[in-house]
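The structure follows.
In this document, chain identifiers A, B, C, D, E and F correspond to the written order of the chains, with residue numbering beginning at 1 in each.
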Amino acid sequence: MGLIHNSRIKSPWIMHFDNSSCNGCDIEVLACLTPLYDVERFGIVNMGNPKHADVLLITGPVNRRTARVLRNLYDQVPGPKMVIAVGTCASTGGVFHNCYNVLGGVDKVVPVDVYIPGCSVRPEAIIDGVVLALQKLASANL
Amino acid sequence: MTDGMMAIAILLPLLAGLVIFLVRDYYARNVVVVVTALTLIANSILFVVKGPFTYTPTGFNWGLVIEVLDYAILIFYLYLGFTLRNWLVLIFAVTQLIPLAYFEFVMKAHVEVAPAFVVDNLAIIMCLVISIVGSLICIYALRYMYDHEQHAHVEKSRQSRFLLWLVLFLGAMNGLVFANNLVWLYFFWEVTTMCSFMLISHDKTELAIKNAARALWMNSTGGTAFIIAIIYLYVTQGGASALSMQNIIGGTLQGSILLLPVALLCYTGCTKAAQMPFQSWLLGAMVAPTPVSALLHSSTMVKAGVYLVLRLAPAYAGTYVSTAVAIVGAFTFFGTSALAISQSTGKRVLAYSTIANLGLIIACAGINTPLSIAAAILLIIFHAISKGMLFLCAGTIEHLIWSRDIEDMEGLAAKAPLTTLITALGILSMFLPPFGMLLGKWIALEAAYRIPLAAVLFVLASTMTIVFWTKWLGRLLQVLPKLGWPFEKLSLSYSVPLWTLLVGIFVVGIGVAPIYQNFVASAAHNVISGTQIFASGWDNMSLSGTSVKGLLGYFPVWALYAVFAIAVLLPLIFVGLKPTQLRPVYMCGEQSGAMDADEYMAEADTKTKVILGGYYFQDSLGEKTLNPVVNTIAILLLVIMIGCGVILK
Amino acid sequence: MENIIQITKNDIVNEGKKLLDAGAKFVTAVCNDLDEKLEVTYFFSANRGVDLTCLRYTVGKDEEVPSLTGTTLSTLLIENEMKELFGLKVKDLAIDYGGHLMLAHDSPTTPMLKPKKAEAESKGEI
Amino acid sequence: MMRQLILLIATIVVAPFIGGLLFGIDRRITARLQGRFGPPILQPFYDFLKLIGKERIAVSRLQFVWIYAYLVFMVGSLLCLVFQSDFLILVFLLGFAGVSLVLAGFSTKSPYSHFGANRELLQIMAYEPVLLLLAIGIYAQNGTFLISEIFNQSRPLIFSLWPLFIAVLYVLTIKMRKSPFDIATSHHAHQEIVKGVITEFSGPYYALYQLAEWYEIVLVLGIVALFWTNPLWVGILIALAAFLLELLIDNIAARMTAPWMVRLSWTVGLILGVLNIAYIYFTKGVS
Amino acid sequence: MALMLPTILRNFFGGPATRMYPVQVREPFENARGHVTFNDDKCFLCGLCATKCPSEAISIDKEKRLLTFYPARCIVCEVCALACPGDAIDMVFKWRAPFYHKPVEVHESRGKRPRTPM
Amino acid sequence: MATRTTVPFGPQHPVLPEPVQLRITYEDEKVVEVVPVIGYGQRGIEKACELNEYNKNIYLCERVCGICSYQHSESVVLATEQLWPLDIPPRTKFLRTIWAEMARTHSHLLWLGLFADAFGYESMFLQFWRIREKVLDILEQTAGHRVIQSVNVVGGVRRDIDEAQKKTVIDTLNVVRRESDDLVNVLINDYTVKSRTVGVGVMTKAQAMALGCVGPTLRGSGVSEDARLTKYSAYGELNYEPIVETAGDCYARMKVRARELFQAIDLQMEALSKLPEGEIAIKVKGGPPANETVARTEAPRGELYYYAKGNGTRHLERMKIRTPTFANLPAVLILLPGCQLADVPVNIHSLDPCISCTER
């Protein structure tokens, strides 16, 4: 079991989902994959499909339509799974707090493990966030 | 004893057919059919036990009977041509009638040949296939026709008439494979053609009659070639002795003038085996009730065509005709496999695949090595069982969902798991290691190197075969994630033939080594060496150039079955999914509702059903695009084949 | 803003077609809530996009207005949007999203109309 | 007998390690070619173990049957190679492994695995003829399909079968799911059909798939190595060189379309194969 | 296809371009907007930052003399820092670290209103 | 006979970075029908603009989109300033232009990368994004942030570019130009790229005009139209002529953007060399007067319209944002039908869609 547990920490596959963000955080998530940040160093692969994901990187505020999508996607991720809210919007709704179609942060719909603040978040902060999530996973008794 | 056996094999079906026709009671009729079927099966096994022999009927002027009936059939064609206003039928009836009349009345030909029947190993194997598979199909037809008429709300039942032709067909086929006298062979040939016409047109719809007429005239061109070949042989080779099959293949005739009639007879075989460009009659025949298709396309009719070509193999061995036959067959294998990909109707796929396999068998005959002949015989056996079963499955499915469309079979595994399972195994048996068909293909490929062009066509065609089978199989097994399917109940008349054939597939598959060793090898030897085989019976013959070990040693049948069992059966035992472990499929996050929903949210938040159609490549492989090309090539190839007979002596 | 041509709602199709035929390109349409009425402005650009022309009409809130989608598909999205955000009753749309082009079922209806302001203001959460 | 048993077990155990390692090297080198640092070499094993430990979820029962069949047939095919059995049987088994994967894709009503399965089928259509032609080429050369016979010959196959070698190289590309042939699914790039057939496989089932892929890469490289069997290490070097070549090609090509792929392999691959066989046929005659 | 070859070979032999982030941290640029901090000694609760903040990340309780800052709402726009008359808000160049739970910073303001009018 | 396939493409799909659904009907793999389903990115920014005090709109509208964030902030301040209208110092205008072109550079590099990814050219994608990081660095050095610059305010800009920064910018731009030159050369001439883009998704000039397309999408179809021709900010003093390709296929649109990339670098160089001295902001008091106006800027994806209506208070009466993608989106209705599934991402990306812009 120890081997598997260790491997979990070494191989977090991410799925990135954009609720109704401004793209600011999304391009930074993508930027993490590029040569300068290259998160594949940590075994992170962008899978683009909930069934293969371990960590969900959610950007943007939840609006009334994406709430359903987010819920659906979350349900399709096999456990153990982590959810990271990337950006201020995803954490609380941020600057869109008074928009009529916005429900608020990701935690309105699915449980969130790590919040990364910033608008937009920097790639370094995303790496920090994933590391934090992995620490949580490592300490969890799964 | 031989008297009785021959009578049962050839005349009993006729008799039983007449009885069935007269007995109007459903149950009584069933009893007659079942008894006939069982008798035929038992009789065919008796043939195996007895081994090869020759036979000439005595005590009655059978020749005269056959002569009279010949004319009756041809005049019936004439009548059909007139009433259907189908000029092609008429023309080809005339082209048979006139030479035949000329041959008998003007030339006053003597057509007595001794022996009239030669029951050799190949014929016995054919008889086994015909009797067993054919009889099972007759049993299946009992219930099928009942359901068929129920569904169509037919006023007056025509089942007995249907069964008459069906059963009669078996007798004609038996006669055909046993006949040594070419004129008699021709007679049986025409009987099968006529039966097929009656069966295809059974539903009396416009389409059915049109397609039956097409089958009739196409086969009549073959009949014409047959007659011409007979006359040619008679004239050039000097008399009735040339009309003995044994003499033709035994090398006792003058080889150089023999080639043209042989090529003509090969052409005749090709028409009956629906080789390109004659594939359209077989496809048209699919309008008939499914037992017809099953019978015509697995064990009888088309097998008569390949039988003739195979039988003649030694007569054209080593000539360019042989190469041409191989290429004609290989090309049909290739062309129809490609066409099958574009088909969405289950029966049409089966039809194309039938033609493809017949092409393969004919190609094997054309390759004309001991190995390839053995492959051809193996393929005849395996194909008859698998394809017969698949047609029956198609019929069963048709009566479950009342559709022949492959697309409509989606999720059948949940509705009718048993039928699906049998169908799936049947499909797998067509192309999966370790089943027989693949074994046949393997041997064929091994043999094909003699004619590289054929080998290349084989390679391409067998790849495409995989494609259309997989597509169909995938469609059958595509299910929503529901748990627990109850098995459906099938009527006995459906399930007995299905199960028997399924068991048959496994038995001949697993037992291929002994079967090969004990039967096929000697039959192949018998084909190749013509007459000199009789004394040896089922002796364990070693074919020149190959031994059983050499042939089968490297086809690790047992190992492959082990792999198959591990792969397919083991997980079935161990997989136990709990409902909590099921998730809906991925639909980009918009799947709606429970795990077995196949809907998603689309515009304006409305639920929309996912529709998954198959790929049919209509643009590149459709009949419209491909047919003109392949048919032209096929006609050319046939011309070349006959041309080889004329020019290259 | 220069070049504002006041028209009536029934002229919009003809006038718009005239401009388009003269080589102009549809840019966008704007709907304004004038409390009692709705003011709709269609913008067209010409001369390599430099010159702007506006067609403007005013309608009551429950009057039906014609759609330009019969003439050009380019107004499809914006007319659907005006329909659902302002409740502008556009008829004969080429593809009618039925008020759910952008808004979900539980979104507020016609959120851009003025009286709804108070409702939206009260929102705001951590 | 004992020796064979040991060989059997050794193959089954060792092959995935080699395969996994090759994938690790693949990912590292690919990363370097793209100017990235890349994951640890052992990353595939971490992935595999993690997948094993994930929650088991499925969308259909049959799914598992077929993915398992894929694995078993792949292993069977590899065993054919290791035991130097009939090459044609190897190709048939490999083909059926592919078919199993297709059926796995078809076994659920999932749009993207459906697309993937259809494309996988097209891939089979593209590479199967080449492999079968290779089999015929081998037959033409040696008069038998037996792999053991290849080992008995002192003259490497590559001298007479080099056109087929080129054709086999793109079978390798297809099998390694590299650009330009990564049409059915690929390891990294974003696909219009998501992950194709394996979209619906998650956790342990996906691990099974990966395991099968590890066997597969060993098998396919093994086939490449067959072109030079005496001594075998030259063949292995050739296979590794081919492997590296694939990585390069992957990084200098866009993904092409399925029709393009089939067309290419049915023209170029076929022409190469047919010319090759024809040449041998006319020089050596029927054996 | 070969056109891309020089580029990737250059990449391969030139070594990776990756910044090994957690191991080596790049200094943030001067003037970069990282995150805001509050200086309780300077803030005199004028409330300007709270009214100007576009995302309502600051709230002021004049009675209890508390300034509450919600980092998870802040969009780092620097408006508050530029507006603050008491110079109580600093823009730190480095980004804010992620957290498990959304923090709430409560500041007890102790500043005095500066003489010079704002 | 169900030989057709109808499935959703999106909202969550690996080739779409943003949530949008296309309900596509296929025959084999050929697209026969497509219905765009949007609404996943709708937040209601236009309404919030009316609720906010006008200065906050800058920060809100910047976050309409993180890619063309700069153009949004420029447009919103231009629109607000035009309500008075205010007189903006020349240096400010030049600075705005420089940043706008810098943002265009980064957006086009981003797009070229994503486009390469759309046809599976992963290494190309990574190389473009690697170059893009350099542009982001100079953006951060000069404007304060990589993505959301927040540098515009009504009446001016917040930051200046000093001599040292100017040098860094010029140096970096030279490197960017050199490196992208290599890559763009590959992209334009590579056989595999060409076979995936040439002749794919052809849109004629007439179709593009009828659908009201804008920006590179329109210019790729042979129409020379660009909001920069209206000479807003400092464009009147720079050499500028739109880049046009005539083929109207994906390849042409790609070429337009690739060439615009270099044009943007040239414009920045020119603007930096002509940068006048002076103030960078003026003081603004009170709310905008009751007036209405339109601000038009050229965002990376095309012409961005801001319609603003004031009423004399610190709140605007109405703010309407017409983004370029909103105008380009109907083009999927003619680009997709008839193409292959494999070409769907290529076609979609060739429009450079931005859903957050579209739906606001």
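Here is the rule we use: a residue touches a chain if its C-beta (ideal position, glycine included) is under 8 Å from a C-beta of that chain, and two chains touch if they have at least 3 such contacts.
Predicted model only: the values in this text are computed from it and were never measured.
Student: Which one of the chains is farthest from subunit A, going by Cα centres?
Tutor: B
Student: When all chain pairs are ranked by how many C-beta pairs they have in contact, which pair ranks first?
Tutor: Top of the contact-pair ranking: B-D.
Student: Among all chains, which one's averaged Cα position is nearest the averaged Cα position of every protein chain shown?
Tutor: Looking at where each chain's C-alpha mean falls, the closest to the middle is D.
Student: Centre to centre, by mean C-alpha position, how many angstrom separate subunit C and subunit E?
Tutor: The separation of the two C-alpha centroids amounts to 40 Å.
Student: Measuring from the mean C-alpha position of subunit D to the mean C-alpha position of subunit E, what distance in angstrom results?
Tutor: That pair's centroid distance is 52 Å.
Student: What is the distance in Å between the mean C-alpha positions of subunit B and subunit E?
Tutor: 80
Student: Nearest whole angstrom, what separates the Cα centre of subunit A from the Cα centre of subunit B?
Tutor: From the centre of subunit A to the centre of subunit B is 60 Å.
Student: Please set out, as single numbers or ranges, the residues of subunit D touching at least two other chains.
Tutor: 31, 33-38, 55-57, 111-112, 114, 118, 188, 190-191, 194, 199-200, 251-253, 259
Student: Give the residues of subunit C that touch two or more other chains, as numbers and ranges in rising order.
Tutor: 100-105, 107, 111, 120-121, 124, 126
Student: Got the subunit E residues that touch at least 2 other chains?
Tutor: Answer for subunit E, listing residues that touch two or more other chains: 1, 3-4, 8, 11, 16-18, 20, 54-56, 70, 72-73, 75-77, 102.
Student: Going by the contact rule at the top, pick out the subunit F residues touching subunit C in the complex.
Tutor: Residues in contact with subunit C: 35, 38-39, 42, 44, 46-48, 50-51, 209-212, 214, 224-227, 229-230, 292-294, 303, 305, 307, 309, 317-318, 320, 322, 326-327, 329-330, 333, 359.
Student: Which residues of subunit F touch subunit A once you look at their complex with the stated criterion?
Tutor: 11-15, 17-19, 39-45, 47-48, 51-52, 59-60, 63-67, 69, 110, 126-127, 129-130, 132-133, 145-148, 354, 356, 359
Student: What residues on subunit D touch subunit E, complex-wise?
Tutor: Of all residues in subunit D, those touching subunit E are 29, 31-38, 248-249, 251-253.
Student: Per the contact definition, I'd like the list of subunit B residues that touch subunit D in the complex.
Tutor: Listed in rising order, the residues of subunit B that touch subunit D are 410-411, 413, 431-433, 438, 442, 445-446, 448-450, 452, 455-456, 459-460, 462-464, 466-467, 470-471, 473-475, 477-481, 483, 554-556, 559-560, 563, 566-568, 570-572, 575, 577, 581-587, 595, 598, 610, 612, 614-615, 620.
Student: Could you list, by residue number, the parts of subunit D that touch subunit A in their complex?
Tutor: The contact residues of subunit D facing subunit A are 27, 31, 34-40, 43, 45-50, 52-57, 188, 190-191, 194-195, 199-203, 206.
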